[in-house]
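Shared between the two complexes below is chain A, which has chain B as its partner in the first and chain C in the second.
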Partner chain A sequence: MPQTVREYTGSIRNTVKSFWHGLSITLSYLARRPTTVQYPDRTPMPVRDMLPPRYRGFLEVDTAICTGCQACERACPIGCIQISLEKDPANPKQRVVTQFDIDEAKCMFCGLCVEPCPTGSIQHTREFEATQRHIRNLVFRWSDPLKPFPVYKVDKNAEYYPRVPLGSLVRARLETLAWDRAAPVFLPPEPAGAAKPAAQPKVAAAAAAGAAPAKAAAPALKAAPTNGAPAAEKPAVVAPVGAPAADGVKAPAPAKAPAAEQAAAEPAVTLTPETK
Partner chain B sequence: MNAKTQDLSARSGKTARGVLLATLAFGFGLPTVLLAAVLVLSPVSKPAMLVAALRAVGVDLSAWSPNARYVLWAVVMVVLALIIVTFAAVISGMTVWWEMRVSARMQSRIGYNRVGAGGYFQWIADAVKLLFKEDLIPADADKLLFRASPYFVLTGFALVFVALPFGESLIAADLNVGIFYITAVTALVVVGILIAGWSSNSKWALFGGMRSAAQVISYEIPAGLSAMVPVLMSGTLSMQGITRSQGAWPWEWHAFTNPFALVAFGIFFVSQLAEGNRTPFDLPEAESELVAGYLSEYSGFRFALFFLVEFGNLWVMSAIAVTLFFGGWQVPFAGPEVFAAARGAGELPGATWWGLQVASMLVFVTKTLLVLNVVVWVRWTLPRIRVDQMMSLCWKYLVPFAFVTFVATLLWEILVARAPVASHVAGGAMVAAMVVVAFFFARQTRQNISAVGDRVDFTNW
Partner chain C sequence: MEKLILRRVDRQNEEMILNFGPQHPSTHGVINFLVETDGEVLKRATPDVGYLHRSIEKIGELVGYPGFMPYTDRVDYVAAMFANEGYAIAVEKLLKLEVPPRAQWLRAISCELCRIASHLVSVGTMVMDIGAFTPMLHGIRERETINDLIEALCGARLTYNYHRIGGVAFDLPEGWRDKVLAFLDHFDKFLVEYDRLISFNEIYVKRLANVAVIPGPMAVNYGLVGPNLRGSGVDWDVRRDMPYGAYPNFQFKVPVGKGYFGVSGDSFDRYYVRCLEMAESSKIVRQALESLPEGEITAKVPRNIKPEAGEALSRVESARGEMAYYVVSDGTNKAYRVRVRTGSFTAMSVIEDISPGLMVADLVALISSLDVVAPEIDR
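Then we have the complex of A and B:
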């Protein structure tokens, strides 16, 4: 509140000055280019190319140089990477990766899996647009269980590891697979009676899954509580209700879970992460 | 996701030529058609002209009974009223679009740009959306008043157009109490706002209504006093009379022939901003404090009416300011004798007269749009002021200064009556001063642009 004439005239002067400068500034903005980037359809180039080079988008695994060391799996703080290794039945000296699943829906893009990778096989890309109608489709399966890939033998003298261009594999995936494709239906855990030896490759397990009980076609989460699984197995089987993102990700359970069960319930059941 | 949807960036943001043409045709065509209707109907709606015009097209009214003629005249007046209200609605919608575009640029955004060229059709899309919304009435609201208040607001707004000139002979009714009438009917808007605030039975709405009442009633005083300055200079309250007492050139306008009138214009402009609830005086609907103020509880068509009035008020306040202070529709080199000569002695005026009317309308619309842009510009420049600042501005600054300009104008008029050259000297000096101020302002603006290492760039506007 003005107490003196000086303050009174001063506030008039301030008003005039703020009009003068304020109007001038807003007018100057009329003559400038707007800074808005009109994502997604009016960008000068695809947005992934505008991102910084170390942007942490979807993880990509170049299976040609994956050593199957499982360092990334161990590094992952939330267990969204699942790797299974088997011996190649044709060549017992060759190990093959039968399962390399990354649940991008769970991934928190921390980058801890990238750091221990000895060959740089697993990397973050700049891909980030992968809307899916079904969240299970966000599980990126880098190994086809029917065609497992052999692990990469590291050459001690190698100067570098031949990696495909970063992002090309993820992009090929995203561009070929429809965003609204049907989600995979995971099988419920197989009853103990139908268990198979652990050494048997998963290829066989997956094939045998077709012979599972009739209600096997139902999604695992719904089926699990009603399934006639033996009580003895239940502690090892965790089917978190209301967390469908858990599908397809299986923590390694070498100690607690019966090996047979691991083989039978191939992608369906999430075992407790503390078994690590 | 497939390749088609993945790489959308391949599509350019260019507007198709057909869309551009449709937007231009609609954007300029709609106001032009409405203004042309006003141009034709407002002189023709005068009874003598109506009879003559109908005779010219082959309908003889002399056989009609007086009552039938009254009915016909009333029908013509209703049509004119509908056209003017439609014009108000259309100009309100277009103002929304324009303001959103301008405000976006002032904030380094892009604004409407998807519906039609430059997003022009957004205001139509918004209006259609509002019409289809559910008309909600809160459970504890006073239902009758809640329903009625938008009509008070709309009526107060639409009645202004009765005495609002569009050109030399283009006015629905040249009331001899013109500006007084306008001030009076504008007060109806605050009645509607107060009713809306009270009947909503919501604290936000009530606060908004109370603030609006306090604000509008306070600012009526400086607005009325500063509007008296051009009235004193013209010696009439009639809007056309005030315009006729000014000339076409800037040094003949009221604002520039009397130094106090320029101050009065400033006071009038600020008061009109406050009465129209425009930023920096948008306390009644302060979003951060009161949700949406008095119209918090409104939806659908009733909300649309409030919104229409709010933005239509821009045109009204600009048109009044132009009429009172900036020479209204006065066309250069076309004094009253030129109009009279073009009018001729016949019952129906000649083509030259109509041409002059078009010119006067163009002048008026151009000036009004310029002032309207200043209102938009001020809104996106200044932040909202506090309630106590708003009251203090009114009572401690505007009201005293309005009185000063009022008395000083009385003295000035005595001076001008003694020595008419004073008005010419003041006109020349003030226009020159305005040119200098504009030059310095432009320089300041250029400095502001280059100060951040930017260049003037109107691409992608």
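Then we have the complex of A and C:
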């Protein structure tokens, strides 16, 4: 692009001028207080207390005032709430909530379930810090299946519903339970033909057969035979052990591997936490 | 100088095809560009979209009418209010609902705040793409205040889900109005400071003026909308020309690109139109807060929303231009079809025809001046 000398020097002058304009603004910020805050240890108070009251954090259910109307379950667009109602065997007129699960890992915090609740039992709290090692620990089970809670009878004349302080229930759970605790086990639906008790000894036998020639390779395998018996109660513990057992067998004893691997792999698949 | 470079290129035959993206920070999301270069000069840049397709339109057919509202946040997460509003207006047209005036005013306030926030990101990232980092932080700092305000209003900072079919979810919180007015006073000063900081910086202007010019007729032919269209000198704004909601009650100007430092329709015009629009949005919020009527914030909506069979189209002026929702009902509680028309998708189509002859660095200026947001392209 052809340029005269005047244009050339003019643009140099303008550049220096506008450069100074920009730098003077930037320099003025050196003397001001910083806008940023060091999270989480330098905040003046816990961040959850600095959030506005309408903040949509973890969902909390006060089971004392839950009417069991399932309006929140119907409103949820992704279906992360599951509620089951049953009749109380002791008192047939009383209905009890046997299951009230909210999968906070799936929840998109839209707030649609809060709006139809007649008593304000389900609410968003200001809790948002809940790191968990296992994603299944983010399923909040508000009803203990062994001790289902009875539904709340709405008093038409009541002016308000007695609710525990918002967030206290979620916080109690998050603070008392360790973040890296073992995940709960939701057993997969049992296939009709599968004979589980028969499969369990096979795991132990297969693992023992694999472990005998390869003692040095798999010290972890030793746990497998001993765990075989209580596996019925604690399948989640066995499943991770069972999976390396199959790998350990493969390397040292290729001749025995096909039979042992098949037996070991089968129950391992049915028991991994990912399968439902 | 120019001839010399070309001769050398010809001798060595340096034509090559490069993949620009999908994980390049300047593509503003997950977009891929197939760039055919001849040295530093582009032969063509072909956008390859679809990496962020989440089938939101299909989800609209599978969940009920109220349940689709949080999904509309995800259509354009930088300016989620407009997607909420567009869908709400479309379903209200199906239901033949009358929205109470206070709800319409609240919609306008929240949308204009959201427009300011979105444009702050747009101009900030554009400046950063050109090579200046500081102004982006200034923009993000102001946006943070708006995020705090909107968080106090509706409880979320990004995926607001504030509008409902028939109104809005919440009324103004206590003391919110004064906070907004205090912010706007500060913001008007900030805009002047921002212009001094970067907009009229000689290097920045020289870098953008006369680069990637989209003439007005071409912008219309390609279906560009919003600031991209107005940057090309076409005076069209849905808020003014096809008014909806509370907008007929407000006085505002529609800034149009006049070729501030070069030709009308160049990258600088598209950039500066956004800066001017932020000032206009600030005016609209002030007027709306002043004339906010009392009353209900939601109309009487049936609990189970089942519109009669029919179709409705709503057009709203989003931060990225005109956003249209086309909802078809077959009389059940789920939509038969939901279609979203967004500005970013058409903005991508113009790149292929503008890019020949551009320098590689100017392609970044073109993409960022079009202000595309990847999830809005793919839905």
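Heads up, the rule we're going with is that the second predicted complex is superposed on the first by the 165 of 276 C-alpha atoms of A that agree within 3 Å, B and C clash if a C-alpha of one lies under 4 Å from a C-alpha of the other, contacts with A are read in each partner's own complex, and residues count from 1 in each chain.
Here is the rule we use: a residue touches a chain if its C-beta (ideal position, glycine included) is under 8 Å from a C-beta of that chain, and two chains touch if they have at least 3 such contacts.
All figures in this text were calculated on a predicted structure; none of them were measured in a lab.
In the superposed pair of complexes, A:56 makes contact with chain C only, with no contact to chain B.
Using the contact criterion defined above for the overlaid structures, shared-chain residue A:174 touches chain B, although it does not reach chain C. By the touch criterion defined above, A:5 lies against neither chain B nor chain C after alignment on the C-alpha atoms of chain A.
Contacts of A:90 after superposition on the shared chain: neither chain B nor chain C is touched.
After overlaying the two complexes on the shared chain, residue contacts for A:111 are found with chain C alone; chain B is out of touch.
When the two structures are aligned on the shared chain, A:124 is found in touch with chain C, with no touch to chain B. Between chain B and chain C, the partner in contact with more residues of chain A is B. Applying the stated contact rule after C-alpha superposition, one finds that A:34 touches chain B and leaves chain C untouched. Of the two partner chains placed around the shared chain by superposition, chain B is the only one that A:43 touches, whereas chain C remains out of contact. Counting contacts as defined above, chain A residues 11, 18-19, 21-22, 25-26, 35 meet chain B in one complex and chain C in the other.
Within the complex formed with chain A, the chain B residues making contact are 1-3, 5-9, 11-13, 102, 104-110, 377-378, 380-382, 392, 396-397, 441, 444-446, 448-449, 454, 456-460.
Residues of chain C touching chain A in their complex: 63-64, 66-71, 73, 134, 141, 144, 151-156, 159, 161, 169-170, 173, 193, 196-198, 200-203, 206, 303.
Within the complex formed with chain C, the residues of chain A that make contact are 11, 14-15, 17-19, 21-22, 25-26, 35, 51-56, 75-77, 108-112, 115-116, 124. Those residues of chain A whose C-beta lies close enough to touch chain B in the complex are 1-2, 8, 11-12, 18-36, 38, 40-47, 129-131, 174-179.
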